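Several structures are given next for inspection.
Paired with chain B in one complex and with chain C in the other, chain A is shared by the two complexes that follow.
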Partner chain A sequence: MDWLTIITTTVHAAIGWESVVYGLAAIGVNIHFGYTGLLNFGQAAFMAVAGYGLAVAVTVMNLPFWMGIVIGLAAAAILALLLGIPTLQLRADYLAIVTIAAAEIVRLVFRSVYFKDIFGGSDGRRGFTGDFYAMNPFPPGHYGIGPFGFDERVIWFLAVGWSVVLLSCLVVYLLMKSPWGRVLKAIREDEDAVRALGKNVFSYKMQSLMLGGIIGCLAGFFYGLYNGAVQPDIFGTEMTFFAYTIVILGGAARVFGPVVGAMIFWVLFVFVGNTLAELVRNGFIPFMTTTQVGPIRYALVGLGFILLLVIRPQGIFGDKREIAINAR
Partner chain B sequence: MRRAVIAFTAFLGGLIFLLAVPAHADPADCQGLRGTLKLQGQPVNGAKISVTTEGGQPVEEVTSNAQGTWDVQVDEPGKYKVTLDPSSLPADSEVRGGSNVRTPTVYEGNCSTVLFALQPKAAPGAAPEDTGQSTFWEQAAQLTFEGVNLGLIIALGALGLSLIYGTTGLTNFAHGELITLGAVIAYAFNVGFGLQLIPAAIIAIIVSGALGYGQDRLFWGQLRKRGTGTIAMMIISIGMAILLRNLIQFFFGAQNDSYTDYNTQAGIEIGPISAAPKNLWAIGIELAVLIVVGIALMKTRTGKAARAVADNPALAASSGINVDRIIRIIWASGSAIAALAGIMLGLSQSLKFTMGQDILLLIFAGVTLGGLGTAFGALVGSLVVGIFIQVSTLWVPPELKSVGALAVLIIVLLFRPQGILGRRERIG
Partner chain C sequence: MPDDTMTTSRKASALAAFKDMPREPGVPKPDPILVVDKVVRRFGGLTAVDVDHVEIQRGSITALIGPNGAGKTTFFNQLTGFDTADAGAWTFNGRAMNGVPAHKVARNGMVRTFQLTKALSRLTVLENMRLGAQKQKGESFWRAMIPAFWRGQEDEITERAEELLVRFKLDAKREDFAGSLSGGQRKLLEMARALMVEPELVMLDEPMAGVNPALTQSLLGHVKDLREQGMTVLFVEHDMDMVRDISDWVIVMAQGTVIAEGPPSTIMSDERVIDAYLGAHHDAPLSDTELESQLHEAEAALEAEIEEETQK
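Moving on, here comes the complex of A and B:
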């Protein structure tokens, strides 16, 4: 058993790129689901259009890096409009169905041979991160203590990533303290009451969908920047589902819930996965092969998610009175 | 709303602009056409294939190698005409569908695969060989037939989904996994225990029904008793879907597979349509099941009770109906019907652990189109979706055919959110 590798990968996951990317995706979901009560099951689509917006702008259209970021943000905002207009006036499950369908449309279009010249088919796009890493102020070297540490490329990514995560948390904190945020929470509790007070519920929901989508799209940028590539099949329904698991684990409608949730989620996910793989490799679990570890740990996430919702829907830090899922 | 419409128009404009930008393709390492000729799993060696441009200029003539593969590289992207010489095929075989000409499109830097499905020759005296290229209308008729086939499978899934939704209010995102489960259980009996497919399918349907019953008895029923809301249950069902899907992958693996029976069947020509007998049988069985369930809902005591529960559970309970029992019957029959849908899907396409997940969105499209919560609407909506998907491949690349159906789902919600047969009050 290689415990050192298991422990180092687990610690790295807690503060590594996974927590940054999924933390941002979950902050977006938290705005939708935790604060407003919207069931957006297409968060992966927001990440995909952003990642691809950046990648296509830089590699295909030869635009500068910052233009790519602008295009990605605009694409996410437009996607929110497209999803919101038909569904935000209908019951909650319609938004769920439409967003999950839209995420699938986006994935199928990005991986199609027909649009391969633009989106690169199932191989996706790579080679758009040069400008980002050219801005790296860290000199080459190893940053960390003992076996825990990152090279200069990763430490630059993490510095920017965690700054953006904290900034997003600050934005969420300030917005949710404001009158605007109180309207969102009121919509979650009782839409009709808010409408009776003369607020335009549709418009508030749309703003929430856009804001959460834009924060989710930052996750798409960071995914592309860390991996140096975007591929269509990364942005499947599992990614959205992980974001939901993280939000509920950390506690919905809590500013730091998604961030802490992401760290705990990835620690558990990496630790369980690597430990299982090591056990199988050393012959302690004879009825499994190493390729079967992948599905088993996904199945465990599903099981954990069900148990969490049944036993403790408020997660670790949440407040049971603020969980929208039992209303309506 | 007005501002939103302007933004939408701007987005469409942007999209067209994006498509108009000349894209730089990577240096092509493969640009052309290729394919593999197989007869009942055996490669066909020495079949002659000639490729010409759309205008008839000859490009190249090749013969298939010992693995049955052939490959033609072309300089220009565009439409090509591929002709398979029927006389070079083994004497007892023919091309399924009759036509030995294909007109595929080559995209820049891409290799397109050209399919010639070969089959044993039909009995002598069958319909004469169609030598000409199949016309647009023949293709449309063939695709409509395939669409009906797919639509009925979607309808079976949609029926189960609607029944469960109607009686419990649960939008069950794990319904796709019930479909996969049925198909995989039948696979286990068929391939694992060597049972013929029909008894294997019957066992799988019964086992699935029992599992559905147990699922409600042990899990969903308990949640209802705790007073869990429908939205919470919907989110839980997504966790259930992930759990089941990955457990199925754990046991089944990630590959594509098929049943051991009814793989290759000679087609029967009915007018412009060529159909394998298994497809006709499948359509017959699907229709019969749909009709039987429909009659059971309308005429039998349990069916009437189920409709009463769907209308108002509290009122149904107070008039002496055992609501929990009705819901369990609905869960059992819904799961059994889903298993049947899975087996039919596995028979007409292939088995994969994501098959249910992939068709679930089409089921949602069908259900929404027909009206959420109406059993009859689900049938109509599913048929429309199935036919639409297949017929749209006349114009849309086949890999994007689901995209069209899902886009229709969104457009329907925009203009008639209650669906074709839905009632306005259910959506608000």
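Moving on, here comes the complex of A and C:
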């Protein structure tokens, strides 16, 4: 049993690129779902348009890196407008249907043969991260303590990534304790009551959809930057539902809920997966092969989440009183 | 609490305005705050509301009554922008209000409550109250992020909210979630929250529904209080005791139309109102000849029956 590898990979997962990417996606979902009560099932689409916006701007259009970022952000904002204008006037479930369909449309357009010259088909796009890593101030070497640590490339990525995560949390914190956030939370409770008090509910829902979409789209950038590539099938519905799981795990409508939720999610995922793989390799579980570890770990992690939510239905940071009110 | 002379003067002036007013539906009022013309709302083949003309007197408490399904709540929804009327026009303070979205109706000073109370459950009582305040600087996205912009205004709003909570005896609950309040307390909170908007016209949809008798008196007091503070009240209610107690004028709706208006003391003896509630000619006495012929018919039927039995 190689316990050292299991422990180091688990610790790396907690603070690694997965937690940055999924944490940002979940912060966006938390704004939509946790604070405003909007069921946006298309968070992956926001990530996709941003990731592809950056990739296509740099590789196909030969624009500088920063222009790519601007194009990605603009794409996410436009997507929010397109999704919101027809659906935000309607009942909440319509947004859910439209967003899940839109996310699939976006993915299928990116992987279509027709647009292969632009989006690169199912292979996606690569080779757009050069400018980002050229800005790296860390000299080559190993950064960390003992067996824990990253090379200069990853540490640069994580420094930027976690800064953006913390900045996003700060924005959410400031907004949600302001009267603006109060309107959002009130819309979650009952939008007719908010309308009767003279607030333009449509406008606030749109602002929420945009803000959450734009924070979510940052996750798309970071996915592309870490992996050096964007592929269409990464941005499937699975991505969105992982983000939802993370939000509920951390506690909906809590500032740090999505971040801690993402860390727990990936720690569990990596720890269960690697432990299982080691056990199988060393012959402790004779009826399983190493190829079966992948699916089984999904099942076990799912079981873990069920147990966690049975014990703490409000999530890690949630307030039990709120759950009690909901049950009425 | 306003002193007694004030109370009597407000009520007296409201009653004076209604003195000797004809009892016809759509009767013009001396100083109407709300004037409604030919509002129609259909749901498929059903005409839920078809109001020809109605005026609401400023500074009065007007009750809107009618049997179930008369279209009272639908009428409320049209006026407050929560539903779109098929036809018609109405003005509030002389300003046209048809087609205006609900939030702008509220901003203009016409605020409603709901039959099924809409407390914002997972917000505290105080946050519920603060939400009602208008023109909040901190409600704009960019300014919200810098507390310095809105802190001062927030303190003023909180102060006003707390005064209202004391008046409505909810101050002990200020930090509780609104979802933990009882049904009656929610009604109180909803009314107090509506007052945070500083409305001119308060529209209450069944303010007494589901309120326990102990709270009824205090709610009645609060409604009367609104008039004393210069607001106009229009409310839907089924409880006739309440209508008689607090309203200055009563409008009766049935099958979507206004069928009668009048003072609360006499409205329930109005023939049109009795017909609407109990069906036409429900207690019209039979004439003597009718009675006699009916008796003869019954006798003949009985005799025939007896004959039939004996012949067996």
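Keep this in mind: the second predicted complex is superposed on the first by the 302 of 328 C-alpha atoms of A that agree within 3 Å, B and C clash if a C-alpha of one lies under 4 Å from a C-alpha of the other, contacts with A are read in each partner's own complex, and residues count from 1 in each chain.
In this text, contacts are C-beta pairs under 8 Å (C-beta built on N, C-alpha and C of every residue); 3 or more make two chains touch, one makes a residue touch a chain.
Computed from a predicted structure; not experimentally measured.
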{"item": "Partner chain(s) touched by A:Ala262 [first = chain B, second = chain C, both, neither]", "value": "neither"}
{"item": "Partner chain(s) touched by A:Gln292 [first = chain B, second = chain C, both, neither]", "value": "first"}
{"item": "Touching partner for A:Met47 - first (chain B), second (chain C), both, neither", "value": "neither"}
{"item": "Touched partner set for A:Val165, first chain B, second chain C, both or neither", "value": "neither"}
{"item": "Partner contacting more residues of chain A (chain B vs chain C)", "value": "B"}
{"item": "Which superposed partner A:Ile31 touches (first chain B, second chain C, both, neither)", "value": "neither"}
{"item": "Which of chain B and chain C A:Leu209 touches, first, second, both or neither", "value": "neither"}
{"item": "First, second, both or neither for A:Tyr114, with chain B first and chain C second", "value": "first"}
{"item": "Footprint overlap on chain A, comparing chain B with chain C", "value": "325-326, 328"}
{"item": "In the complex, chain C residues that touch chain A", "value": "80, 82, 101-104, 106-107, 111-114, 118-123, 127-128, 130-132, 134, 136-141, 144-147, 150, 154, 177, 179-180, 190, 193-194, 196-197"}
{"item": "Contacting residues of chain A [partner chain C, same complex]", "value": "171, 174-175, 178-183, 185-186, 188-190, 192-201, 207, 211, 321-322, 325-326, 328"}
{"item": "Sites on chain B touched by chain A in the complex", "value": "1, 4, 7-8, 11, 14, 18-19, 21, 23-25, 107-110, 112, 171, 173, 223, 227-232, 234-236, 238-247, 249-250, 254, 357, 361, 364-365, 368, 372, 397, 399-400, 402-403, 406-407, 409-411, 413-414, 417, 426-428"}
{"item": "Chain B-touching residues of chain A, taken from the complex the two chains share", "value": "39, 41, 60-61, 78, 81-82, 85-87, 90-94, 96-98, 100-102, 104-105, 108-109, 112-114, 116-118, 206, 237-238, 241, 244-245, 291-292, 295-296, 298-299, 301-303, 305-306, 309-310, 313, 324-328"}
